[in-house]
Every structure is written in C-alpha cells, then in structure tokens.
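Okay, so subunit A shows up in both of these, paired with subunit B first and subunit C after.
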Partner chain A sequence: MADAGTLRSATALEDADRRKAWGFVAPALLWTLAFFVVPFAFMAAMSLWKREGRDLVRIWNFDNYVRFFSENALFQGLVNSLEITVIVTVISVLLAYPLAWIIAERVPKRLQRLALILAILPFWTSYVVRSYSWLLVLSKNGVINQMFMSIGLISEPLELASTRTATVIGFVHFFVMLLTLTIYSNLIQLSPNYRRAAADLGANAFQTFWHVVLPLTLPGIMTGAFLTFVLCIGDYVTPQILGGNNELVLPQIIMLQLGRRADFPMAAALSIVLMLAVTFAYVACARWLKIERA
Partner chain B sequence: MMQSVRDGARLRRFFSSTAAIAIAALSTAAAPAPAFAQEELNALVWCDHTDPVLLEPFEKANDVKVNVKVYEGTGAGLSILDQSQPGDWDVLVIDGVDVHRAIDLDLLAEMPADGLPTADIFPEVRMEANNTKDGKIYAVTEKFGYNTISYDKTKVDPKDMQDLSIIWSDKYKGRIALYDYYLPMIGLVGLGLGKKTAELSEADMPAIKEKLAAMRAVSKQVSDVVSSQTALATGEVDILVGGGEWITAVLSADKPSLDWTIPEQGAVRWAQSIGVMKDSTKQDLALKFVQYILSPEGQARLATSSCYWAMPANARADEHLTDQQKAALRFDQQAEYLKKTQLYPIPSAELDQQFQDAWTEMLQQ
Partner chain C sequence: MLRRIFANVLSWTYLVLVYAFIFLPVAVLVLFSFQDGRLPVPPFNGFSPQWYEAVFVDRKLMAALGNSLIVALVSSVISVLLGFLAAYALARYKLPGSALQRGLLIAPMTVSYLIIALGLLSLMNALHIPLSLMTVGIGHVVINLPLCFAIIYASMGDHHINIERAARDLGASDFKVMALVTAPMLMPSILAAFFLSVTFSWDEFIIAFLLSRFDVTLPVEIWSMLRSGLNPKTNAIGSLVFLASVAVLLILELSLFGRTKKS
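Presenting the complex of A and B:
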C-alpha cells in the first residue's frame, strides 16, 4: 500500500515535471512552429508550383527542380556557393585558431577581454559598409595595390576587386571574428591538467597539441565552422558587392528570380536546395562531433 | 523558505508591473486619436521619392505625413502589393514598361485627364500606350533617362564611345563594367545589332546571346548602381555600359572627368510612372500627391533627388532648376537625345524569361 502510494506520488511528480518542462519549451516551440515550420512548409509547397508567363500554376510538379539540375547556369550557382563556402570556412578556421589560442594562452587574463573586443571590433560596423570598404581597399587604386607598387613588388595593379578572391577576403574578415569567439570559449574551458598529464607522459608541445588540445577543442571549431558554413552559403551581399557578378552564387540566382519576374516557385525551389545543402553540412558536422566525443 | 518568499514577492512585482504596462498600452491603443494626428499617405516607390527635400513641401502644404516604402524591381513591388491588404497603399511608382502589369492586376485607379499636366510632358515620354488603357489614364510618366555609355573622358577616346560596337570590342578589354539589369542591356545589344527594341523577338535570341557573351568576355564586372559608380569613381573601370546621366550626374562635382554619350546607333530610354492605387481610401489626397510630383516644382525636386538624378518628364521643370543642374541633366539637349533613343524592350512573359535566362548564362560564363 505504502509502495503504491510512493509510486503514485513519484508518477505525479514526474507528470508535474513534464508539464513544467513543456511549459518552458512551449514558447520557443510555438515560435519555431509559427515562424519556421509553417513558412517552410508553405515554401516547400510553393516550390512545386510553377510560373507560366505571368500566371502561377498551382498544380504540383517537379519542373523547377528539373530545371535547376538540367540548366548549367543554375546548377553552377550551387557549385560556386559550395566552393566559396568551403574555401572560406577552411581559411577562417586556420586563421582563427592561432588567434584564439594566443588570446587564451599568451595574453594576460586581465587583458583578454580587451583583446577579444579588439578582435571583434569590425563587427561594430555595418556589414554592407564593410563590404564596400573592402571594394575600395582592393580596387586598382586601392591601399593594397598602392602599397605593393610603392615598394616595387608589382609594376601593374593586381586585379583584386570584383573577383572570387575579393569575395573570399570579405567573408574571411567577417568569419575569423566569429570563429575566434567559439574557439576561444572552448580553449579557456580546457583544464591545464590535460597538458601537464601529456607532458608527464613524455609528449612534446606538438604532440600535446595534436593529440590532446586539438581533439578537445574540436567542438568549438566545428560549432564555429558550421555557423560559418550556414552564414556564408546563404549570403547575398558580399558576393554581390565584392564578386562583381563574375560568377553567381545560389542566393544571387534566387534574387534574380524575384527582382523582375517574381518567380516565387523557382526561388522557393532554389531555397529548398540551399536548405538541403545546409542540412547535409549539419548532419556531417553532428555525426563527426559525436564520434569525436565518444 | 525566505528565499521562496522573496522569489514570490519578485514574481508578484514582475506580474503587477507587466500588467500595469499592458493596461497602459491597451488604454493608449483604445483611446481616440488625438486631435493633432496627421493624415498619412502610403506610397510604394523607387528610392528617389524618399528625399525629404521632395516630400516636405507637399507634407507641409497638406498637413500630411507621406510614408514611403522603397522597392527594387517590378516583381518585388507587385509581391509587396500581393501581401498587403486593400487600402494599405495609396500611390505607386512603377517602371514605365510595366504599367500594364499593374493595370491588368486591377491595381491602379483611373485618373482624370483634366487634372494632370500631360500637355507639359515631353511628347516622347508621354507613353500613352503604356500609361493608358481603353482611353483611360492609369499612370503618368514622371522621370526618365538613358541606359547608354558612361565613361571617363581622360582615360578613353570619346570618339570610340560614339559607336555602340565598342561594348563588345577588345579595345578596352578589362576596363568595362556592365550595368546589372537585363532589360536595358539586352535592349542595347539589340540596338548594336541594328534591331529596334520594340521588335526584339525569340528569333533574335541566338544573336543576342552571342553578343552578350562577347560583352562579358571584354568586361571587368557586372554591377549594380552603387558598385558601378564606385568602379567608375575609383578608376577600377573606365566605361560603364548601361550607365547614363543617372550614374554620372551625382558624381559630376567630384569627378568632372566622367561623361556620358548616346552613340550613333542610339541608346535605350527608361521611364518611371506614377499612379493612384485603386483600393486607396484617400483617392483625392493620392491624386494631389501625383499632381504635386508632376508639377514643375515637384519635378525639379524629383529630378535632383538624393538617390539619383534623371530628367524630369515635365518640360516646364526647368523653371525650378539651376543652370548647373540643367547642365548636369543636359536639359537643353533632350530634343536630340529623345530622337536618338528607344524605350526599353517590353517583352512578353515568355520572352522575358528567355532574356533572364540568357543574362544568367552570361553571368555564369
């Protein structure tokens, strides 16, 4: 009898906990449902419609997807997006890791906050203004070309603006800051005992970094890398301003569908493709992280 | 125990203050509008209509607040209207070649012919075929300009700019920017091929694609207005195909070496129109705003508004422009320019898609 009573009160407590948990989760859940799931479902349905002339044909078909995979100019947009995103992510990680490490390990504790503020200072300016500023810096008469020419490194200005290189530079400038933050937050949580233990076992500095520090900071790297991937592959502004339209990335092609012809079904199909690319990246990162943690 | 009491007190304070704020907000919302509330007019416009110098005289004269929302591209504008409630918008500014898209969607109201200064509009830009239907006026041209060739006269030979074939010639390879809007650009290619913009058809697509590819091969970049201006101003490029007074006039004070011309083969003319929304609940006020914009004073202010300069459609606007402004707009040469230019192509929806696809292919080449 007493056992049954204890069981009932335990179940009642569990129910109360469950209700409380739902209470906490419900606002975020409703928000996501209203502003992500429902619009996404509508967008997915719209991607199966078709614009014919000025009319919207509301009969489900895969014509937009067939067009995307069969027309090279459209498919190339995805290829360009993936290439640029991978390049940007790799370069950003390679630059951000040493910076985060120096701030976490070499800068005195009292100055670390200041160092971080300095590192993220460019975040304080508008994204668009920063992109146009890079356009001026990279132009024929810009700072870089003038400096190289004045020291005799080059005789003719380099073609930097309106190229993929310019797009990558603009992106990397932005994402190094983001990655520095995620990696730094991981590095400062790392107990010095790990390195001491490695040293006790005879590991040199490189071995300690490679076998101990790097694997333990992978979650920070992967979180930052995934955020970089998501933000980079969906960005329209930087390639539009710095790339000079010399190659189109997927978001630019999406905008092209909307500007004059208002071809929302085609734009929706391209957006679904973009989301699938992000989903694949997430699955890849999540699985990989899980293995590392195990 | 004491902690939970304190927490409870905090919660009560939070809820009571939140409730007070909510009640205050509801009371404010439910209260009748104060006597000094201004009337408002909502206009869906291009960026040149956002200049306070343009809007303030109308707002003061009519004790009204003009709310403007800027859009780019007719497709984007029509989408905004599609997502709005009837009556949300009172005035629409739209690409002159797309007025019939809005008329066909039953968006625009008929305007009284005797209330509009159509007689003062340059005859070539009245565009009755575009702005009217079945003899009824739905929009009026308010501003126009040219998609032609802008260049730095200290860097290129101005004589070369008189021949449209320069846009696909090797002579200035890597020093050319192309304006990123396929309609006028394909119109220019058509002119270069000796075709009238109004007569471009599917049969012309192979030749157009070939010339687009040739243009792309000799160009440095394809860019929007700001990037094109930046490229010309910084010397990144020396020629902008598709540019015109609307690109160089704003820069004329700082960069007097920038010039523009209309080649022998001609150039493309763009025009923007203004109309009253059919579902507007303020038809009279909206018409008054259209009349103000089309008046000589409104036209002078619109022509020189901060976003971009271009020719006023009303020929009497010169009464309100300074000599310097008229010189930058080349007001006195309009008779010659209007003769040499043709309106944007107005493709059918199917041809429009072919134009866009050809442009996308060119960009990815």
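Presenting the complex of A and C:
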C-alpha cells in the first residue's frame, strides 16, 4: 500500500507522521484493550478461582472445569447446546438453499430485490419480540392449537411451547432469513457459463446442480452455516423464552450461575467452554470458510 | 413441457410456504396487537387501539425507549469516530504490527455477546463500578467498534490517497484533510456503519440486561413484560418497534443505498 510518508524524505517528518498515526489508532486500541481484552483475561483467570460461601477464593485450581465434566446437569448443557445448534444449522441450510435458488433463478430479475427484502423483513422485529411472537403461535391456546382443534385435527391442545421443538423453530425462523441472504448473494455471483458448459457436455439439470453449482456455492454455505452455529450456540433469549426450563442449553446454565447462585467463577468457566466449542467449530470448517480479510 | 410446468408449480408452492413460515409470527404479532380483549390469541374479537394507548401512557416503557435511543446514538457515534480514526491511521500510515492491530480491533466480532457481557460485568464488579446506562453503552461500543472499523477500513481505497495529498500540499492540516476530504468521500460507508451500529445497539439484549440496573433499555423492559405472560400490550410495543425499523430501512433503501448503487 502506498504511504503518505513516501513523498517526504526527512526522517523527522516521518517520525512526526508516525506519532500522529499512533494518536489516531490509540483510542480504538485502548478501548478494545480496556473493555474487551482485560475483561476477558480477568474472566479467564476467574474461571480458575472458586466460590466459597459468598466470597471468591483466589486459589488457582481446575475445580470448575472438573465439576463441569463430572456433573451431569452442567455437561448436559453443552450436549443440548450442540445438538440444538447442529439441528438448527442443518434445517436452516436445507430450507434456505431452495428459497435462495428460487429467488435467484425463477423470480424475474427486477423483482428479485423486492423478494429478498420481503424474505428478511421479519428480521427487523426486535429480537426478544420475535421469540415472543412464536409463543403466540405455539402456546397451548395459541394459533396452531386453536386452528388444529377447530378443524378437528386434534381434540386436546398439543404441548408445543416450552419444548426443544419450539426453540428449534424459533432459531430456524431467524437463520433461514440470514442464510437466504448469504446463499442468494453467492448464487447470483455464479457465472452462467459454468452451467452452460455443463449442459454442453451433456449433464442434466440434477447433475449440473450436484457437480457444478453446489460445489461452487459450498464456501458461501459453510460461511453462513458457521455464522449460524456461532450465533445459535451463544444465544440465551430464544431457548429461555421458547424452550422454557426443559433441557437447558449452556447460555441458560451460565445465566443460572449468575442469578440464583452468584457463582461467577463457574459462569466464567462455562463461558470458556462455550468459546472452545466455537473454536472447534471454526477449526472444523476453516478450510471452507472464506471470511474476507478486512 | 409438462415437467417444466410441474417444476414451476413446485417452486412457487415452496416459495409461498417458506414466506408463510417467515411471516406467520409477525402477522400474528401485529394482528393481535389490535385485540379487543385481554389475550393476544384467537379468537380475534375485533379491532381496538386500547393496547397502543396503554403503551404510550406506560412511563417505564417510554423511559426505556428514551434510554435505548440515547445509548444507541451515543455508542454509535463513539464507535464510528474511533473506527474511522483507526481505519484512517492503519490505511494511510505504515505502523509496526498493523496486522496484529487490525486483528485485535476485529477480535470482539468472534466472541458471543454473552461472554463479552460477562467479562465486563465481572470487571465492573471487581472495580466496584456501579452499573448504569454508561456501562451498557461501553459494552455496545465494544461490539460495534469492530463492525465500524471493518466497514470503513474496507472502503478506504488507495485511489483516495492522491486527493488527500493534494489537500495536504495546499496546506490543509491532518484534521482538515480528515474532516473535509476523507470523511465526505467515505460518507456512504460511514453512514452505513453508523446506522448498522444504531440497529445493533437498539436491539441488543444480553449486554443491556447484564450491565444495567435501574435505568434499562427497551429490550430489557420488554423482557420484564414477558413475565406477565401473553399480553396484547407486548404485541403493541413489538409492532411499533417493527414498524419503526421498517421505516428506517425504507429510508435507507431509498436514499443511501439507492444512491451508492447509481454511483
């Protein structure tokens, strides 16, 4: 990259430039250090402390992590989180891909932008409200139960809210919108020449899709899926509102440590576990990810 | 021919079904915000504006709305300002360890909000700093600064350098160059960064929940309304927030992004 300093030869001027540049970048760096790096380091350290009664005991130990792996109630949180996140990611991709494909291929060009904006419009409801509105649909006297009962499909209301299914539905709703957007932008970047070439070589529609279109859009899918994984596994709101107190996920257990038990070291240890899960996911799909370097 | 029709019918059916799924909760939310009755579930008893009136006379809700606006605007201004300065320095000067600096500035993007909030909360507790709207704002700058930096940095192309040099040769100081030359050239991305930050801060729950105490933001106030179960008043405030976001989106689409597309 060209440098503003290259025009001036005097080193004194370059030094002055450099000092100025440090002055510009310093506020952002200091903010990130003070309110992100330091708190994070503090939290990591705290995960190695212990709570005894109402006090923090600053003796270094791995008790919290040992407890996490030995206490079923805690470890099950990670299992639930991983199961729900994987289910949500897979269903969301499977629902969003055809939608993005239909918008990119079947909807007339001039209407595509409108179709896309419509597809992600509910994205702009408040996050808390979005989960709440699923409660209106899924609760015992909610829309689905009343509709099914009025047409005689069921005689007793189904228990839809406060279940894992409700959590999954709420998440899928959110991520289908997100993934449709990312997959669509991938599909329209695809040059039609690839498909023409495949057709010329005698491939039918399915073969073209399976051997040409799908592999070419895989990086986009994986990027979207990774984003879904990260946002889903760290979310507290949706499982708390829709899943209720059954089958708690990791963020819910972290919040329980904070609230009822005021056990900060345990909450910190669980957060580190959460972060490690995300890191593993990143490593697992790193070779497909194309996160543009800023 | 028949197969083509069949494929078309299948596509459009799928499209309609997924759109129905996407719009179902929002439609229910808005419809039952007008419910003439105490429960926002079927049967629909008829239109009544009573729950919107209830929202507007609710002092706590209105205070939370004001708080959300203040936090969103102030934290976004700080994020854009710090992000712009950092992007300017890293794009225009050679600084040692600039890759590391960029990585550090982007890093908070990769960490869950819950973890960022928890870290800040433990630190504030340890330093005996009382929780307030300010601590919420600090947290929101942490999550929005990476975003603003990334957006503005990405738009700082090398082709702007010569214009900046010309201004400098004509005697403009660094601040003048930044304020009168660089910032106006980057205005679309600066505004995009700003509005994106406002949206994120405005809608953010977990940081605002953990880092506030007496003064709360709108999502936190709505959260505490949920304890009363299904309530048409929650529908009303939810619908209003949705309407406001869509209005902002429309303005952006028509003005800002419409203009950048042409240029």
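Just so we're on the same page, the second predicted complex is superposed on the first by the 247 of 294 C-alpha atoms of A that agree within 3 Å, B and C clash if a C-alpha of one lies under 4 Å from a C-alpha of the other, contacts with A are read in each partner's own complex, and residues count from 1 in each chain.
Rule of thumb we're sticking to: a contact is a pair of C-beta atoms (placed from the backbone, for glycine too) under 8 Å apart; a residue touches a chain by one contact, two chains touch by 3 or more.
Model, not experiment: these values are computed from the prediction.
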Give one of first, second, both or neither to describe whether A:Met43 is in contact with subunit B, with subunit C, with both, or with none. second
Looking at A:Leu99 after the superposition, I want to know if it touches subunit B, subunit C, both of them or none. Which is it: first, second, both, neither? second
Scan A:Arg260 for contacts with subunit B and subunit C and give back first, second, both or neither. first
Output check: A:Asn141 vs subunit B and subunit C. Expected answer is one of first, second, both, neither. What do you get? both
Most subunit A residues touched (candidates subunit B, subunit C): C
In the overlaid three-chain picture, which partner chain does A:Asp15 touch, first (subunit B) or second (subunit C), both, or neither? neither
Check whether A:Ile241 is in contact with subunit B, with subunit C, with both or with neither, and answer first, second, both or neither. both
On subunit A, what residues does subunit B touch that subunit C touches as well? 132, 135-136, 139, 141-142, 241, 258, 264
Touching subunit C in the complex: which residues of subunit A? 1-5, 7, 17-18, 20-25, 27-29, 31-33, 35-40, 42-43, 46, 95, 98-99, 102-103, 106-107, 117-119, 121-122, 124-130, 132-137, 139, 141-143, 146-147, 173, 176-177, 230, 233-237, 241, 251, 254, 258, 264, 267-268, 271, 274-275, 278, 294
Using the touch rule from the top, collect the residues of subunit B that touch subunit A in their complex. 72-76, 78-79, 101, 104, 174, 180, 183, 220-224, 226-227, 230-231, 234-236, 348-350, 352-353, 356-357, 359-361, 363-364
Which residues, counting only subunit A, touch subunit B once they are in their complex? 52-54, 71-74, 76-77, 132, 135-136, 139-142, 159, 161-162, 240-241, 244-248, 253, 256, 258-264
In the complex formed with subunit A, which residues of subunit C make contact? 8, 11-12, 14-15, 18-19, 21-26, 28-29, 32, 39-43, 82-83, 85-86, 88-95, 101-102, 104-108, 110-116, 118-123, 125-126, 138-139, 141-142, 145, 149-150, 153-154, 158, 161, 164-165, 168, 174, 203-206, 210, 218-219, 222-223, 226, 230, 234-235, 237-238, 241-242, 245-246, 249, 253
